[in-house]
Structures are given as C-alpha cells and as structure tokens.
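Shared between the two complexes below is subunit A, which pairs with subunit B and subunit C, respectively.
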Partner chain A sequence: MNVSNLVKGMLVLFSVLGITASALGGAPTDKIRQTTDKILSILADPSLKNPSKVEERRRLIRKAVDERFNWEEMARRSLARHWVPRTDEERREFVRLFADLLERTYMSKVEGYSGEKVLYEGEKADGEYATVNVKIVTKKNVDIPVVYRLKKGGDDWLVYDISIEGVSLVNNYRTQFNSIITQSSYENLIKKLKEKGAQK
Partner chain B sequence: MSSRTNRDQSLKLIFRICIASILWLTLFAPLCLAGDETSILASTSDEIIQVAIANIPPEPSKLEETPEPISDPLEPVNRAFFKFNDKLYFWILKPLATGYEAVVPEGGRVGVRNFFSNLTTPIRLVNCLFQANFKGAGNETVRLLVNTAFGVAGFLDVAKNELNIEKSEEDFGQTLGSWGIGSGIYIDWPIFGPSSLRDTAGFVGDLFLDPRTYIFNRPIFYVLRPYEIVNDTSLTIGEYEDFKESAVDPYIALKDAYHQYRQNKIRQR
Partner chain C sequence: MKKIDLELTVGLFIIAGILCLGYLSIKLGKMEVWGGKGYDLYALFSEVGGLKSGASVEIAGVEIGRVKNITLEHYQARVVIDLSENVRIQEDAIASIKTKGLIGERYIEITPGGSEKIMGPGDRIRETQPAVNLEELISKFVFGKI
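And then the complex of A and B:
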C-alpha cells in the first residue's frame, strides 16, 4: 500500500467519522448541550465564585435555563384538564409560580454541582417532538439516566419535560396537582405554591 | 447443636413466610389485577384526565408516556406511615448517618455498599433468568466472580470500572411485572417505605434468594442490616430533602415517583 492510498483511506475514515458524529448529535442534542455547557461555564467562572456574586450567578443560570425551557407548555401539561377552565390571568400566575418552584429546585441541584460527568446518549425525533437521552455519572460512581423531552418552536427546540430514572416531572406534578385540586380546590393549590415560594 | 436448632428455626421461619406470601398472593391477586386493568372502574377521575390530556392540542407525540396512576385505597393509613418514615429519617436515620459519614471516608462507604450489593447477586441473577434475560444473568455471574476474586470480596466494583459490565437491577417484583401482573394497590410500609402489593410479594419472594435471610436467626443479622441501612443512607443524605423541597404534596409525589420508577424498570428489562 502506497502513501497516497493511505492518505485517501484516512480521508474516507475521517469523513465517515464526521458523518457519524453529526448523525449522533442532531439539533435537539446540540441545544441541550449548548445550555448545559453554558451553565457549566457559569459555575466554573472564577469571577462569579465570590459569595457576594451569588445573586448575579443565580440570575445568569436562571437566564440560561429560561432560554431552553418552555414553562408554559410544562405548566399546561402538569395542570392537564384543570388548565382548560382557567382564565388568562390565572394561567399566567400559575406558569410563574410553577416556573419559580422548578427553578428553585433546579438551582439547589446545580449549585451543588461537583464535577459530575454528562454523557449524551442519542436522541429520537418524531416531527415536532424529540427526546434527548443523557447519562449523568456522579462521583460516587452512580449513573443517573435523564431524558429531556423537547418540542420544536420556530427554529428552536424547547424542553417541556424531564424524566429522571424514568420518573417524568410533568407526570409527577400532574398527579400531585390533580390530587390537591380534586380533594380541595384550585385556590388551595395556588396557596400551597405561594407558601412554597415564601419558605426560601 | 445450637446452630442446628438455629437452622431448623430459620427453615421454619422461611416456611412460614412462604405460606404467608402464597396466602397474600391468592387473597390479593384479584386486587392486583384490578389495580392496573380496571382502574377506570375504581376512579372515574383518572379516565377524565386521560381524555382531557388527549384533547389538549397539539396531539401528543409517540414519544409521550402517560402512565395510569396507581390506586391507593389505603391512603389514610399510608399517609400515617409516610409521616412515621419521615420522622424516622429526620430523627434517627439521618443523625446516625451524618455521624457515620463524618468518621468513615466516602471510598470506604462506597466499598461497603458494593460488598452488600455483591452479596445479593443471587437475587438479580435468578430474576434475570426468570425474565429470560440471559445477557443480564451472564453479566451478573461474571460480576460476582470478578468482584469476589479481584475486588477484595466485593468491596471494589472491578467489573464495572475496568470491564464496563453494568449491574442488572432485577428483582422478583419486576419479574412478576414482566409476567403481566399489575402493581395492585400502593402500600407505604413503615420502615421499608413505598411499595405496591405486587412489589411486596416480590420482596418476600426475594428473601429466599437473599443470603442475608439465612443468617436471620443469628444476632449478627440485627447488627448487619441496620448498619447496611445507615451506610446506604450516608451516601444519599440530602436527596430526600431535595425531593421534599420540590414537591407540593410530598406523599403524592413519592407515591407517583415510585410507581413511574417501577413501571419504567419493568418496561426496560
């Protein structure tokens, strides 16, 4: 085998590798990766590590998350049949309270980040919808499978549900909200959400 | 002589558990099946949710999964046990685990967890076979041999770290599920925590495959088992707190998370 054949062979090999790499990570995966990397870089930024910068850092993380999450879609799916009778104003209030609750929970997890690895394990797409599979490997050598569910909005893909170990967040909240509303009232659910917000 | 009587007693105990579990299964099997197959009869509200979700535009994609909620006729009792377990965690288990965590380095605690996990290989191995999951059974066999021989009696997970052979988390509850048995009603046991009728039967079934059962009547069992629980807890401090923080009704959130988690495990095999 002469040198030019070897070079040709390598070129073919690289282009094949290139194609597989792009096939493995489509648009939804890229979007998840972008947001994850953005948050990780905020966490790693030494100028934001100072305790006086906590609020600034939170604001930046919140912004990165807001860009990727479709809170209204999430809230609507979580409220399910109870979404229909709500007025526009009630819906806006609910979306805000729900997003606050999720961001607060998410924030405590993110701020506790200590070098876990994030592996991208492929995606599935079905028209407007897509799922992105991610594996988080913790320092205690535990693998946590996470599935992001995304919906296309214009040129962008936005997250409307996350499953951790097979537990969908939206399904979990839907069961809770339905139980609270049917056993007491929608007003009571709002009261509970507000109390949750006031605890911190 | 005394070890002989001990063994007789253990066997008697196992026999009793066996009879009890068979009784359980025959008594509650109809309930079990009713739980998943005909829950529309039990609660019309669930049906309405399904219909309502289907009606929300846009149409849900094939990638969606909306599981039937688990039925919970024992809710008042379950809620009382949930509260009991919650207090047990915050008042007893967490302080013990926190103290232990301060003394034993993390590497050691992960090692202890690996050791107990290696010990319970028979449960996973046999349940893989029950589900005709031969790859899983093979992996479990290799893991047992490799980790026992080269991982200091199972303290190190050499099979995963060096050979990339993952554990197959199978149990008899999942086996029953894969045979088409529904979860049945939800039960939040004191001390043991969330379960279902099917998974309780599964738990009892797995006792026969659990080497720890065979030291049941010896005093060491009463030291070993709580120690294992404290060790496990020390590696997950903060998780339950985060979970409660994110929930609006922690009881319902735990029930639903348990149900979704188990359904997913059964689907996955």
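And then the complex of A and C:
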C-alpha cells in the first residue's frame, strides 16, 4: 500500500516536473515577449506621454533594451576581425559608442510606434543559441518578418543580432565598419561615431 | 614492323588527344577530380532563391570555394560549400546569398567574423542571411496596402 502511494506520488511529481520543463521550453520567446511588452507598456503609459517626459521615457526604454541585449557580443560581432587587436579599454569604449549609435538610430522608430501588432511565430533552439521569429504587422497590413538571434548567458537569453526582412543588423554594420577601417583607420571610425553622437 | 610503328604512333596521338580533351573539360567545367584539398562547411538558409550547386563562394569578392550541393532539410535549404584549405572561417562569420548585379546569378558572400574559434570540416555556419526576393519585396509594396 505504502509502496503504491509512493509510486503515485512520484508519478505526480514527475508529471509536474515534466509540465514545468515543457513550459520552460519556450524561454527565448518568453524573454523577447517580456521585453517587447515592457517597452510597449512604457510607450502606452499616459504619465510619460508629456513632451517634458521624453528624456525619462527614453531612459526607461533604453534600460529595458539594455536588459535584453548583449551589447558586447553585438559590438564584437560587428567589429569582427578588427575586434581582436583592440585593447580592453578600446573595446569598452567601442561597445558604449556602438550601443549609443543603435539608440540614436532606432529610438525614434520605437517612439513612432502606433499600434502595430507583434506576432510570435516560433523559435529554434540549438544548444546555447536560439532564434525567435517575430512578425510585425503594420496598420497597412504589411508583414515585416523579424528574426532575433539569442545566446544563452547564465539563465538568461540575450539578443546578439536582429534580422529584418532577412537583412542582418550585425552584417550590415560589419561591412560598414570593415570598409571604414580598411580605407582609413580604427581611430577614424571612432572619430566618426563620436561626431555622430555629438550631432544629436 | 613498319606497319606496327605507324599504328602505335596513331594510337599514342589519340591517347594524347583524349587526355587533352579530359584536361580541357575538367578545367572548363571547373571540376575537382582528385577530391581537392579543401574542406566542407554547411549552412541552413530559409531561402536560397535560385542558388545553384557550383555557384561561387566569395570573401571580399574573391572566390574561395564553391557550392557543393543544396538539399531540403526541415523545409530549409541546407547548402554544403567546399572551401579551399588555406581559408580560415571564424565561428561567427555570416554567410549571405547575394546577386551579381541586379538580375545576375546568385552567389554566397561570407563576411569574416572576429571569433578566435575557427571552423573545421563539417561545421555549420550558424549566421546566415537568406536571398532577398525582389519580387516579394515589390509585391509587398504593390499589394500590401489594403
């Protein structure tokens, strides 16, 4: 009697464990969803709509993005083979400039959000790498396929590349940075990035 | 005796001719007969849009290998490429399918990465960029607005 109870208990325990395990299966998608929802709620927040709150809102969005994006990995992949000869200090500076560049480029696009639908279309995990497919449906009913590429960092999944319409962000910057560096120098690239930052 | 000599010479000429023909067809067809000295990598693309086996694989516009074969795997294109042995591809390299000119043939362009890990025979290029389908893009703008 006792033994069968034990078996039953074990079965219940295992089935519960099994359920949680399968729920954890979609972790990368969940992470992307969490961050997207967070940003959308910041954008929808009426208390932040006031023009005087623009900076505050930007700061909150940046914080949400920072939590999900692995800037160092992204910057390293974008600089590619020019990353290797850089000193630690140069690398830190580059990561900061790169993150700021993306913020300047995409913040206005994020702020221009006007009720586009975000659909999650499945994910593929392969060891410590995963891709999450997302479809953004605009108000004119145009689908924009977006693919997030994530890498596992501890318990978390962090984004290191985004493809929109099949065009990879890292590859885009990799080609641009490479042509600037090979035509002039790394210092020139840093100068350009700083100038762009100062223009704002 | 004389007759045999003549036949022997003709035979030698024909053999030499056949060898030349064989050499020419291999050279012109850009085939590898002795298996080559290169190594294979593979990549999965969501869309290859008319890439053919034998298409070139380039870095900075320089041909470094060829597409060996293309098969379907889980509704994705699995492309095996054969690279020459002296080319080292980093683990974070990106393979993208490009078009020569506006409507030219498709080829694979690899943008080298910065990782210290170098890929060996049979490894997978994880980062890929599918072929951009111009028709699809145009139709999106033509039919998209409902």
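The rule we apply is simple: the second predicted complex is superposed on the first by the 175 of 200 C-alpha atoms of A that agree within 3 Å, B and C clash if a C-alpha of one lies under 4 Å from a C-alpha of the other, contacts with A are read in each partner's own complex, and residues count from 1 in each chain.
By definition in this document, contacts are C-beta pairs under 8 Å (C-beta built on N, C-alpha and C of every residue); 3 or more make two chains touch, one makes a residue touch a chain.
Since we're looking at a predicted model, the values are computed, not measured.
Trainee: So, on subunit A, is it clash or fit between subunit B and subunit C?
Mentor: Taken together on subunit A, subunit C would clash with subunit B, as the superposition shows.
Trainee: Please work out whether A:T175 is in contact with subunit B alone, subunit C alone, both, or neither, and reply first, second, both or neither.
Mentor: both
Trainee: Taking the superposition as given, does A:V84 touch the first partner, subunit B, the second, subunit C, both, or neither?
Mentor: Touch status of A:V84: both partners.
Trainee: Regarding the shared-chain residue A:K135, is it in contact with subunit B (first), subunit C (second), both, or neither?
Mentor: Neither subunit B nor subunit C is touched by A:K135.
Trainee: Check whether A:K191 is in contact with subunit B, with subunit C, with both or with neither, and answer first, second, both or neither.
Mentor: The answer is neither, since A:K191 touches no partner chain.
Trainee: Pick one for A:R149: touches subunit B only (first), subunit C only (second), both, or neither.
Mentor: both
Trainee: For A:S108, select first, second, both or neither according to whether it touches subunit B, subunit C, the two together, or no partner.
Mentor: After superposing on A, A:S108 lies in contact with subunit B but is clear of subunit C.
Trainee: If you count the residues of subunit A that each partner touches, which comes out higher, subunit B or subunit C?
Mentor: Comparing touch counts on subunit A for subunit B and subunit C gives B.
Trainee: Just subunit B (first), just subunit C (second), both, or neither: which does A:R59 touch?
Mentor: A:R59: touches no partner chain.
Trainee: Is A:G166 contacted by the first partner subunit B, the second partner subunit C, both or neither?
Mentor: Touch status of A:G166: both partners.
Trainee: Choose the clashing stretch of subunit B with respect to subunit C from the list 62-70, 206-214, 224-232 or 242-250.
Mentor: 62-70
Trainee: Going by the contact definition given at the top, which residues of subunit A touch subunit B in one complex and subunit C in the other?
Mentor: Residues 76-77, 80-81, 83-84, 126, 129, 140-141, 143, 149, 165-168, 171, 174-175, 178, which sit in both footprints.
Trainee: For the complex, give me every residue of subunit B touching subunit A.
Mentor: Contacts found on subunit B: 45, 48-49, 51-53, 56, 58, 61-67, 69, 106, 110, 157, 160-161, 166, 235, 238, 242, 245-249, 252-253, 255-257, 260-261, 263-265, 267-268.
Trainee: So in the complex, the part of subunit A that touches subunit C is made up of which residues?
Mentor: Touch list, subunit A to subunit C: 76-77, 79-84, 126, 129, 140-143, 149, 161, 163, 165-168, 170-171, 174-175, 178.
Trainee: Contact residues on subunit C for subunit A in the complex?
Mentor: Within the complex, subunit C contacts subunit A at residues 46-47, 90, 92, 94, 96, 111-114, 116, 126-127, 129-132, 137, 140, 144-146.
Trainee: Which of the residues in subunit A end up touching subunit B in this complex?
Mentor: Those in contact with subunit B are residues 76-77, 80-81, 83-84, 101-102, 104-105, 108-109, 112, 124, 126-131, 140-141, 143, 149, 165-168, 171-180, 182, 189, 192-193, 196.
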